[in-house]
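The structure is given below, and queries will be raised subsequently.
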Amino acid sequence: MRFWTLLRRDVLVAWRKKSGLYQPLVFQLLVVTMFPLGLGAGAQTLAKISPAVVWILALLSTLITFEHLFKDDYEDGSMDLYYLSDMSLPMAVLAKAMAHWITTGIPVILFAPIIGMLLHLPNQSFGILLLSLALATPIFSLLGAVGSALTMNLRNGGMLISVLVLPLMSPVLIFGAGAVLESTLGNSAQGHLLMLLGCLVLAISLAPVTTAAAIRINLE
Amino acid sequence: MLFAPVNLELKPRQLALLSGANGTGKTTLMEAIAGIRLLSAGQVQFSDNNSHTWQHHSHYLGHKLGNKGALTCAENLAFVAQINGLDVTERELSALLASAGLAGYDFQQASDLSAGQKKRLAVCRLLLLNKTFWLLDEPFVNLDHAGCDWLFQLITAHLDQGGAVLITAHDQQNITALAHHHITLEPA
Amino acid sequence: MNRIVKFYHELGSPPSFYRITQHWLKPMLLLAVLLGVYGLVEGLFFAPKDYQQGDSYRIIFVHVPAAWMSLFIYLGMGIAGIMTFVWRMKVAEAVMMASVPIGALFTAITLLTGMLWGKPMWGTYWDWDARMTSELILLFLYLGVMGIYSAYDEDPRKAARLASLVAIIGLVMLPIIRYSVVWWTSIHQGSSISLMGGASGIQDWSMLRPLLVMALATKFYYIYVLLKRAQTYLMKTEQNKQWVKNVVSPHGAQEVSS
């Protein structure tokens, strides 16, 4: 199926290029170091802010990978190949977003416990951390696709992508970081996680069509 | 409005040559016909008035070659085939690459190729997909003498088999001689 | 009914839009200024003191109308965006792009007056309560629309279409963002104080009247600035058309200067 063809191609390209895989993780390590340097190494302080910081670092580190999602395809002409094929454009977008999630989101999810450990995240929260990120990173990829498609033709779209995408991410951040925070307090994070699931469903249904519209406008 | 109105009717076994000074909009027109852009004025009509069928039967080879640098030559062609719903075997791809002068480059990443070789790889797509209408934007650029001969042979063979070609090319006498239609774009 | 439909269709054509709205400019400006002066004078000087806050509550006569306008304009921008995106109406595009800076300005005024109110009231310039936080995010949404429009400067029509898409996305996301921010404030320890106090809490008519007058004044101001900006936008995007030349040429100079 064409969906899997495109997905496989994108995963292969990302895997070969390697830098895209490492960048978010290196970014997280660099920035997480800033926190003890700025706040002092006190375990209690760090533990208190850890739910939010781990989450925000996951969010920001995926932000830097959005710019290339569609711009690369546009610039080397390979976008024409799937744009003009019989594949529906929203499906192509979904394939690319899923490939982005596999190559960016999954590493971020797997790396998050390390960041959590560095910030003394309470032990009981690691499970919720992974679960909330597992629900949220697909949303990141989908919203990033929208931002990437809108700025496809620009030389330096990076800053603009942040301006466009971050306000849309605020509910995801609220529910996701909130889930982890609740679990550190010993409460149930179920409500937050269910809201995250709702956001994910909304993103899957709306983002591909919106991204396709943005691509069409940009190609005109 | 980039250029003055143009009228063209392209039938199988015909070659149309599109020429004009730089900046008159040849690429824009090609892209519009290919279906990538929208025309702000005017229409492209297909024999059965269906743009989907048109895209199904045409292939556009533009300035941006469409090769993914991180993929090998074989992988690039395999992707093109599969995204168009074709099944190809490795052997067929090898043979195709060999016929394009890229024998043994199956497992070379496309970014390692020279400009001329990248062009040959892009031209392979035309042979792979075998669509009726070829839209070629400056296809002879970067090809060496042998490559130009090879491409010219491909075009003539394609026309003989009932295909049609819309092409922009500078300084190609043999193409000019072959052309059934010659359109020059004038600035608006 | 026919006349209304005809009127609507006429508004959709740029030269007719220009011609028709040219007559509205002066009345709108007049109403805005008169109502604004009345509202401000009454609100700032004559409305009774609040029993709790004394005189410093008076900033709500600017703050609340500005907040209402920031949301109202976003809604208008979103609707104009839908019309631009789906039907490619030039006038809708002009109205949308004209609204963006006005809306952003009202949002900024809301935030700034909120800060000025917060200091004497709660001792702090800023507080992350639901309303101010969502107002700040609203400002980001406006900036996003402005940003994407200005980034594509070679092709204004394309830039406007992308901006309309961003506006529509923002409109759809706005309730979700607002809801999640409200939920966020309800679950976190933190301020249970609302900086805005809520206009619905005002019972006294002599306090409410200047507020409503100001709300009306800001609407007329918005319409005036919107029309002026939309006209300029249309003239710029249609600069090669004959009707623009007629407006700008010496023959039409009287129209422009009126």
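Which chain is which? They are A, B and C, in the order written, and residues in each are numbered from 1.
Rule of thumb we're sticking to: a residue touches a chain if its C-beta (ideal position, glycine included) is under 8 Å from a C-beta of that chain, and two chains touch if they have at least 3 such contacts.
Just so you know, these numbers come straight off a predicted model, no measurement behind them.
Colleague: Taking each chain's centre as the mean of its C-alpha atoms, which one ends up farthest from the centre of chain A?
Modeller: Chain B.
Colleague: Work out per-chain C-alpha centres and flag the one nearest the whole-protein C-alpha centre.
Modeller: That would be chain A.
Colleague: What is the distance in Å between the mean C-alpha positions of chain A and chain C?
Modeller: One centre to the other, that is 33 Å.
Colleague: Where the CA atoms of chain A average out and where those of chain B average out, how many Å apart are those spots?
Modeller: Centre-to-centre distance between chain A and chain B: 37 Å.
Colleague: Mind checking the centre-to-centre distance between chain B and chain C? Centres are C-alpha means, answer in whole Å.
Modeller: 50
Colleague: Can you tell me which residues of chain A touch two or more of the remaining chains?
Modeller: 220
Colleague: Quick check: in the complex, which residue numbers of chain A touch chain C?
Modeller: Against chain C, the touching part of chain A is residues 146, 150-151, 153-154, 157, 160, 163-164, 166-168, 170-171, 174-175, 178, 182, 195, 199, 202, 206, 210, 213-214, 217-218, 220.
Colleague: Which residues of chain B touch chain A once you look at their complex with the stated criterion?
Modeller: Chain B reaches chain A through residues 34-38, 52, 55-56, 60, 62-71, 75, 79-80, 82-85, 109.
Colleague: Which residues of chain C touch chain A in their complex?
Modeller: 85, 137, 140-141, 143-144, 147-148, 151-152, 158, 161-162, 165-166, 169-170, 172-173, 176-177, 179-181, 183-184, 187
Colleague: Would you tell me which residues of chain A are touching chain B in their complex?
Modeller: 2, 5-6, 9, 12-13, 16-17, 75-78, 80-87, 219-220
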